[in-house]
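In what comes next, subunit A is part of two complexes: it sits with subunit B in the first one and with subunit C in the second one.
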Partner chain A sequence: MATRDDVIESFGHVSRTTGTVFRYLLLAATLFGIVALTVLLIYVANDAIRPLTADPGWHLAFFLTLVLPTLAVSGYLFRTDPASFRFGAGVVGALAVSTMFAGGAAMIFVDIVSPVVWFGYVIALCLALAGVVVIERFDRQLPFLARFVGAGAVIVGSVLVVPGLIQSLPVYPTDGIMLTLSLGAPVAVVVGRYAAADAGRRGQALAVLAGVAGVGAGGVLGPLLAIGAVPATVLLAVAVVPTAGFAVGTVRRTPARRTGLLLTAVVLGGTLVGAAAVDALGFAGPQSWVDWQFLTSAHSGNAVDAGLYPAIGGSILLMVTVAALSFPLGVGAAVYLEEYAPDNRFTRFIDVNISNLAGVPSVVYGLLGLGVFVTYLGQPTGTVLIGGATLALLILPIVIISAREALRSVPDSMREASYGMGATRWQTIKNVVLPRAFPGILTGTILALGRAIGETAPLIMIGAPNVLFSLPTALSSKVSAMPLQVYAWASLFASEPFYQAAVPAGVVVLLIVLLSMNSVAIVLRNKYQSDSK
Partner chain B sequence: MTDNSEQEYVAGEPTDDPTTDDMRAQTDVSTSVSSSGSAVHANTVVRAENVDVWYNDEQALKDITLDIPENQVTAMIGPSGCGKSTFLRCVNRMNDLIDAARVEGDLYLRGKNVYDDDVDPVALRRRVGMVFQSPNPFPKSIYDNVAYGLKIQNKEGDYDAIVEESLKRAALWDEVKDRLDESGLELSGGQQQRLCIARAIAPDPEVLLMDEPASALDPVATSQIEDLISELAEEYTVVIVTHNMQQAARISNKTAVFLTGGELVEFDDTEKIFENPESQRVEDYITGKFG
Partner chain C sequence: MSTDDIQRDLTRRTENSPQELLTRSFFFLCAVLSIVTTVSIILMLTTEAAKFFTVTAPLMGVDGPTASVVDFLTGTEWVINNEQFGVLPLVSATLAITVGSAVVALPLGVATAIYLSEYASQRAQRVLKPALEVLAGVPTVVYGFFAVVYITPALRTIIPGLGTFNMLSASIVVGIMIIPMVASISEDAMSAVPDSLRQAGYGMGATKFDVSVGIVVPASLSGIFSSFILALSRAIGETMAVTVAAGTQANLINPLNPASYLEGALPMTAAMVTLLTGDVTGGGIAYRSLFAIGLTLFVITLVMNVISDVVAQRYREEY
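== the complex of A and B ==
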């Protein structure tokens, strides 16, 4: 449409000054947050682990055997094959995180639920499941109510009777064998099927057997290595076998990633060689406050001897209780509000108030727990049940909100497709909506649990003891928790040695537990995102 | 019907010549459809009598009366917002899911008024298959997608055989027979829509409702779906909503023209609608003067 013959000399310029200033302001804000957090973490970690107290030879030995080879291999892999690098690093990370969870699980089996009791309940559940399957298979004509009541009776009866029966047996297998069967076998079935997914029935059966044998080795190796049969079996079942299965399965699926295992081998081998070298040459390691003694002993008036063991166990038990209470309640409420509730004034009122409740200070929830559970219901103060219930109330709004978000992200076209096929609302929720939303729901719940594990105020309000010398063994025992123990060290026992030793060490352990929980949530979310593409 | 000489009939194309007789002369849409036999005396499967639909206070359909014949393709055409999809969703009562929607009048499926008080909409939808505008397979395996209707309806029978048969009818079997356990979402758009068709026909419905099934697809996938619809009409009563007039002309035996305001302006054999419509508004619409 050019009607003129002019040649354009220049288009001129449009100012971007404001935009550029805005961009760097945002960058500065981001950097400030990240840098402040990093400095804080380094400061605390330095106080807790004290790397500078180590012999320079110790640093040099590990630098040569672990850091240097790891850097070299990482750099090489990262340049040639980033996917392999991520796989290798993923295996190392999975091993580290799962070892921590294995530590927690071992604590439970050693001090809280003995393997016999656990074995009894697993057998009871298996029998109950078999009973339900038989009822379903036996007669499809049975009315729904009869099947429902029958299945319930089988489950309750089995759980009530079988564990007692097993515990009253005159002889039962060793702890290692019982754990191998009740914990190792289910793990081995899942892991074996994943690792040998393409190998047919026979290959999968072999892989499952190999997994069981691997876990069973703990019963033999544990006593030999002086760590006991139970911890060794748990470690193998929770950490080593699943990680190995993940590595084998991935390599079988995408053989090109095999080189990533080089990184894993270098990290593990470097650690072992470094430890051996340091031992042989007599270099002293750092005098870290976070050490085996700190993790396995109770509070002591002497800061150097103080430990976190009852608090770690208490936090684990609290988390189990909180998860068991808040997950069904929160997800149930979210499903009702999202899928069933009509859109009227009442539900909008509830909506707004759930968001408000998510912002209520935790100390208020502590008061609520004290008022409702202790004063009104007359429960004893400071027990696992009361603490767990109070923390569950605290995170319930967060669980509901995040679960609703996950349910809302299921496209309506999926629901329409299901209704269009003649599905009832229940069938649609069960078959289409929940499976699709489940990873998101799980991620939100784990992040909410991360909030609960760091809470101190509600536990103080409900009268949890500041100092506890043994692990709680039942829902009705008194419980302490990691943040509460740290708070007690910083307030009741406020003195220079505690500030220097116990407090930073406790904070570091708490942060490590928190970060590893969040890392599980992130892994779940990433997997979810790549699956739903 | 696969003789697509009527593709030259481009109704939406602006033309200087207002006399549409010339255009009709170029196309033999009438002959190609009438040759497949628009049996006037076919059994009526769906009969609508004075159906009105409101969304809150806004009337979306006005006094619709029409008979949909068995084992034929009935097309609903019209501009956006004219209520053709709304009508389709009345047949299997999907409008019940929208709080604001209100349906009045009588709509019979094989002689039973689906808006009677004793009709369970869920049971009704098990007799009526539906395919949606954009492909919406479940995030499950291809097999589970097709078997979904059988599972939720607790149907007896050999699921493997039914799944295979449905995928064959949906012309998808050869492409997916080696990967039935892969996710339905890994298929291409056209394959996903054929998977949705297989899913809809697996429980063997009385009627197959299709709501613009090809509008989100490319031309090749569209033509595959169109061929498929013509084949399905041998066994099923198909009602298809489309805003693509050539598509209606190519694949349907009967055409209903809805125009803005939710009125059914004309309903007749497809060749009659495209060759010699009664209403001036329909003629204007199909010759591309508006819409």
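== the complex of A and C ==
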């Protein structure tokens, strides 16, 4: 056999330096975008919050009461018991994020939907559900269509009649009591059952009662603390009670983690003590542009007085509309494609079509909204409804794609077990597939909603007003949104004062909302992934 | 329950019971909605654009000012008030943004993908991937603001002649925005390269550098290219960042000449937004020009998405 003399040159030279240089180049490239964004975020946060305008004493006071103890406790916990550390940090994070959402919810109840109307609809839905249960219990032999139509009639009838009846009552309970019953009670039931899952029926009932009482305290405490009964009740129902329930439930299940609550206590206590100390010593805080005035007032030609309130409300309403439209439609399409669709040309066409729709620029969706809803259907421009519908169409492909992934991750063996028990396809989907895929679907939907919240172009296209002075109160009223307001300030009112005050503040608020939504989604996904392994 | 009832329950065919039919048709309608959306986008854009052009306007029963197709496609002036609708300046600006953001995003994105798939530990991946997702999650209007307020002044210390609104900083932010897209799709393609190929490389005495550059990248080339095309189509459709940062003056610029990035221009998407911010009367020629640009944009992005699909499918190395 002839020996081969030729040498492959390309692998001939082995150098450690090349490898090392390459590796660090790659790392630098990976970090480039992240570092660039971080620097930009620091700049914008500095411009918006202006920490350097505070007294040095203010910084010192908070450093001593909040930062130092938090760092010490975190360091200690992280070294001794990382699980407790994560739990403690999780409670703090949950409290912060839920407080923010509580702020949004309080805004809804103060300015958009009065507690009476909300209470009326909740009662109507409860009655309707009770009616449906009675119909279902009454006779299993009733034909499905009769049951379906009956249930539909009960729901529609109840929703149409009951709220009006309740609003026409001569006397109704105070706002605090109505919100406690209609918002606090359902929250308390969920939270109480979670917190006392191992305590039997009696313990759970007690936990639920404690939750309701906790929420109800808002109606009493709110006026005393001068924040009003409605915001206080909502804050307790959306933020405090769920976080407390989460903490109690986790500690009951894994008592070893209770040291983590030390971190929570240090952060909360440090904040309070720091605030008290600063107040007593008379140190001035930073002259932040993101302040109460900015969050609660409307646009103004003067950059310093301009606020984001109508835009925040508009974003919340848009988010609710988009979620209500895109979630059922997106999940429905995903269920069809994953569970029903035969493998034929039509299905593949839908498939390709959805991935192409995901790549269509958002301005084109705006044109679609403008053309279809405004020009052809004759809707007024810039309303909550068509804004929400346009954004829902925009994120629909993303919702479908992520929901399909979640459905695909449900093992086939579970479906087969369900069929083996004699379940029909719909029963299998309803009882087995959807519950199992729900966290994944939820994660994808939250991420997609985050995308919708940040979109500006479609709203401009459908003629949403650049400047709005009051909150939208109905689906048919004009809507503004946070990114739209930021755009208006950055382009129509482009001037140094706006660039230095209103725009950075708006950007910071928008980013805080978006990042907390994203972090909720990522935490959900991580939890879901580690649970399913 | 009598035995008859039980027997009927057990032997009933449930496949086409009303409940099953109802749910199945609901899900089917949801899926069909996506096709309805596409069809209405196409119909909407073509009918409104048809009313814009002189050739097709009579067919649509429109009388009033129109623009000729040739003028639209070859005109070099975009002045709405003069009714000069030449799309070339807009296309040139869009191309410039695309080229500029490609220069930023493609090398960085591929390098990120190689790092994540070949070098990064599990732990580093857990931190880096969500951080990269955040890059894509920041609203584009915020990027536009960053470009005007922070990046342009910073660049001005190096390039003194830079205008307030310029293509350079707009391209940079669009580039940063699409890095995650290049990175995640390329990384998926690289992770799909079977380990046996890598191990064969190591077995031959190759270093990690050789394996990454000589084996993994060539094997995932189709995925990398498809990520390029998708990301560029995203850059073309990018709206708010360029509207805020690139200016409002329509100039015909040469995308391959670095000097043209120092001034502002008006990309297609920005032109659409500026048209609507300036109170367009519904039904006028300016309103229809919106749909003509929209159609151009839609066709370009659609073709790019389809090409990306074809590249990923056709040239995929099967193992």
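Just so it is clear, the second predicted complex is superposed on the first by the 505 of 533 C-alpha atoms of A that agree within 3 Å, B and C clash if a C-alpha of one lies under 4 Å from a C-alpha of the other, contacts with A are read in each partner's own complex, and residues count from 1 in each chain.
As a convention for this text, a residue touches a chain if its C-beta (ideal position, glycine included) is under 8 Å from a C-beta of that chain, and two chains touch if they have at least 3 such contacts.
As the structure is a prediction and not an experimental result, all values here were calculated from the model.
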Query raised in the report: Between subunit B and subunit C, positioned on subunit A by superposition, is the outcome a clash or a fit?
Result: fit
Query raised in the report: Given the touch rule stated above, what does A:D343 touch, subunit B (first), subunit C (second), both, or neither?
Result: first
Query raised in the report: First (subunit B), second (subunit C), both or neither: which does A:L165 touch?
Result: neither
Requested in this report: Go through the superposed model and pick first if A:I354 touches only subunit B, second if only subunit C, both, or neither.
Outcome: second
Query raised in the report: Which partner does A:L396 contact after superposing on A: first (subunit B), second (subunit C), both, neither?
Result: second
Query raised in the report: Who touches more of subunit A, subunit B or subunit C?
Result: C
Requested in this report: Report for A:A417: first if it touches subunit B alone, second if subunit C alone, otherwise both or neither.
Outcome: first
Report task. Give one of first, second, both or neither to describe whether A:V363 is in contact with subunit B, with subunit C, with both, or with none. Result -> second
Report summary line: Min C-alpha distance, subunit B to subunit C, superposed, in Å, is 5
Requested in this report: Find the residues of subunit A that appear in the contact set with subunit B and again in the contact set with subunit C.
Outcome: 422, 424
**Report entry** Interface residues, subunit A side, partner subunit C - complex
**Finding:** 10-11, 14-16, 18-19, 22-23, 25-27, 29-30, 32-34, 36-37, 40, 43-44, 141, 143-145, 148, 328-333, 335-337, 339-341, 349-350, 352-357, 359-365, 367-368, 371-372, 374-375, 393, 396-397, 400, 422, 424-426, 429, 447, 450-451, 453-457, 460-461, 463, 466, 483, 486-487, 490-492, 499, 503, 507, 510-511, 514-515, 518, 522
**Report entry** Complex interface listing, subunit C residues touching subunit A
**Finding:** 5, 10, 14-15, 17-20, 22-24, 26-35, 37-38, 40-41, 44-45, 48, 107-108, 111-112, 114-116, 119-120, 128, 130-135, 137-142, 144-146, 148-151, 176, 179-180, 183, 204-210, 212-214, 230, 233-234, 236-240, 243-244, 269, 272-273, 276-277, 282, 290-291, 294, 297-298, 301-302, 304-306, 309
Report task. Could you please specify the touching residues of subunit A with respect to subunit B in the complex? Result -> 342-343, 411, 413-414, 416-424, 427, 431-432, 435-436, 531-533
Requested in this report: Spell out the residues on subunit B that touch subunit A in their complex, using ranges where they run on.
Outcome: 92, 94, 97, 99, 122-127, 129-130, 132, 134, 136-140, 148-149, 151-153, 185, 196, 199-200, 203
